[in-house]
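Right after this note come the structures.
In what follows, subunit A forms one complex with subunit B and a second complex with subunit C.
Then we have the complex of A and B:
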């Protein structure tokens, strides 16, 4: 798939990564980056998978798209950060769950709903506790930098 | 470390139909990125190694690399008269093919939520280094084209003696790339496992208290353990073959 790499700092960072020839993860990273640069989103407002997916070529598989979203959270890329949310009935909305709390459950394999305390199976847990993404401060500080 | 000192505004409602959240890959990536035990790291890596190996073995790119390698070897045999020079030339070609395959595997693993590199420095230049994102866990993969048990032993020797440190959160792998043998994969794996068992009796092999286990659901892969000569800690090594033969 043809893509003209732009001159920004983050485009160069992604270009320097070594992606597999068997996937479109690199291309998907560039498309998400393009969207994030123009989206003008603050750190406080999160992105869902759906919103990001709308801005990525349909020919890219869901697997490569999902991989690329997580790839942008890597410490050496620092474009996105990932959090977790769960439905909080009293507030009638999804509310952020502390990452440490979620990771403690994942690593101990003892799952419960973060707000109701209801015991959950692993699969139920991943249905209830939903990842979301937001741009990093580093990204906002440097998104217009060029090299 | 907390990522932010504010609350994120999460733009989702309870009724969002977002099938991507439920994709099994999301779960896997979250586990890989946040892995916190060596056993979990190895289990997650195992699945990705099998996938990467299968992809490489069935790819057209591999076919063209192997074809080019075979043509270059034939040409060298026809045109280089000096046996020493020929040997050197063939070794370089083998190294190039090994590197091509290892590189492809490293790139696939690197996309899979691990930090994977080809040919980095880790007490010498190991073929594949895979780390968890928190850098706590490491897997060192040493690859060799199949050239008989003695030749594979060179890779094991480098892994055991040069690259491995024997630390608690470290383990290794021997990847044997089959490009020319007439043996089937099971035969090569079994011969290799029997050979390891045999040489482990010799203290110079540094495979003290060698044991092994085949994967129950995938009997072409086995994991050995021995007391690491530097630390005395049980050191796990995963042994597998990648069948890169064409027209076989």
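Then we have the complex of A and C:
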């Protein structure tokens, strides 16, 4: 797949990563990065998996795409951060949930609705608690840097 | 008193306060208070809990006395503020004459002193509070039945569990009784009377009028029974018309709009905040749509809107005001007498929010 790597700081960071030659994770990272440089205007803009997928070549497998999204959230990459939202009845909308609470439930395998406390099965939990991604402050500070 | 007796009494007091704490946690759950808020109270006392109501009641029963006392105090405060101020549907009688607001205050004191005042009603005169600065709150308890939605699991379905082979999700609705504290707040300094329905988020839109009417007629009957002749609560048309606040909440820059349904020259739209966004009016797609509408000579005309205002750092009480689209599109004068206020954590939040609503009417 032909892709011309641009001259930005973040393109260089991704280029320096060692990806398997048999996967498209690196290419997927570049495509997501290109989209974020335009669409990731501030930390309030969020992206679902589906929205990010729309900007990635459909020949790239779902597995490589998902790996690339999480790759961009890594501590040493710092382009994306993951958050979670759940339905809050009193507000009649999805509201961001504290990430530590969600991670604690995932780690303990004891799932419940973040706002109501209703006990949920693992499947129900992943239907009720919706992941999203937003760009980091570090990304905003450096997205226009060139090397 | 012997030492042994003193110890027993202490233990009894401790058991009693723990029982009150556990009961209060159950009331928090019944009132749909955000579990995270109650959970944070435990965690600030160094008590780790699993994110479930049952885990909180278990921890309340087993934690140390000092932690239990501190938690009980905070849960009690949270619950009291929720009962008095949060998640309310409100109607406001404003700009009363000074003697009128005093007469209302005397009249409510009177019906609290007459046992039979509510004997013919589903309401009970439950409690009254003097919150200072000439403000009194009169709470009227009523049990309401609401319909609660639940996704049914295998164990809920029992012998019928095989339906889950055919359907991904099976949803059930069950009637649940909830104790509500409707109230009247009389402010003799600002010459205002506010009527409020408790737990506004669970009151169905088509029941709001009926519930307010019932509150008004029950109180007026109680005035009659108590021999109060100089006071009557008027029908809703006498309350403040908040209809214009819907547009003003959108137009006035202060605060943040968290959701809105609005009409443009071409379409209807519903926009709601996503994830970390703060104000739908500042989202790029909204600004683009607004600019396009204004280029056509039109404007954004909201008919439902939720807005929050920052009272102090990280304190954002919210208000919702809205009408049905069909009503919005009818010709002629419009009215809206109630608003829903929520994320109200104190009396300061409450008065701040009421003042914001009135400033935008």
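Here is the rule we use: the second predicted complex is superposed on the first by the 146 of 147 C-alpha atoms of A that agree within 3 Å, B and C clash if a C-alpha of one lies under 4 Å from a C-alpha of the other, contacts with A are read in each partner's own complex, and residues count from 1 in each chain.
Just so we're on the same page, a residue touches a chain if its C-beta (ideal position, glycine included) is under 8 Å from a C-beta of that chain, and two chains touch if they have at least 3 such contacts.
Just so it is clear, the structure is predicted and the values come from calculations on it, not from any experiment.
Enquirer: Go through the superposed model and pick first if A:61 touches only subunit B, second if only subunit C, both, or neither.
Expert: Neither partner.
Enquirer: Check the residue A:45 against both partner chains and state whether it touches subunit B (first), subunit C (second), both, or neither.
Expert: both
Enquirer: State whether A:70 touches subunit B only (first), subunit C only (second), both chains, or neither.
Expert: It touches subunit B, and subunit C stays clear.
Enquirer: If we overlay the two complexes on their shared chain A, which of subunit B and subunit C does A:94 touch? Say first, second, both or neither.
Expert: A:94: touches subunit B and subunit C.
Enquirer: Just checking: does A:132 make contact with subunit B only, subunit C only, both, or neither of them? Give me first, second, both or neither.
Expert: Touch status of A:132: both partners.
Enquirer: For the overlaid complexes, name the partner, subunit B or subunit C, with more touching residues on subunit A.
Expert: Subunit A has more residues touched by B than by the other partner.
Enquirer: Examine A:144 and indicate which partner it touches, taking first as subunit B and second as subunit C; both and neither are also allowed.
Expert: It touches nothing on subunit B or subunit C.
Enquirer: Counting only touches as set out at the top, which of subunit B and subunit C does A:116 meet: first, second, both, neither?
Expert: A:116 contacts subunit C only, not subunit B.
Enquirer: Touching A:23, do we find subunit B (first), subunit C (second), both, or neither?
Expert: first
Enquirer: Which subunit A residues contact subunit B in one complex and subunit C in the other?
Expert: 43-46, 83, 85, 93-94, 96, 132, 134
Enquirer: Please output the residues of subunit C touching subunit A within their complex, sorted ascending.
Expert: Contacts found on subunit C: 29, 32, 34-36, 50-53, 87, 151, 153, 201-202, 258-259, 272-278, 282, 284, 306, 318, 320, 342-343.
Enquirer: Write out the stretch or stretches of subunit A touching subunit B in their complex.
Expert: Residues of subunit A touching subunit B: 17-23, 25, 43-51, 53, 62-63, 65-67, 70-71, 73-75, 81, 83, 85, 87, 93-96, 99, 103, 106-107, 126-127, 130-132, 134.
Enquirer: Would you mind writing out the residues of subunit B in touch with subunit A in their complex?
Expert: Residues 3-4, 6-14, 16, 18, 20-23, 25-27, 29-31, 33-37, 40, 55, 59, 61, 103-104, 106-108, 110-113, 115, 118, 133 of subunit B touch subunit A in their complex.
Enquirer: Using the touch rule from the top, collect the residues of subunit A that touch subunit C in their complex.
Expert: These residues of subunit A touch subunit C: 41, 43-46, 83, 85, 88-94, 96-98, 101, 104-105, 108, 110, 112-117, 119, 121, 124, 132, 134.
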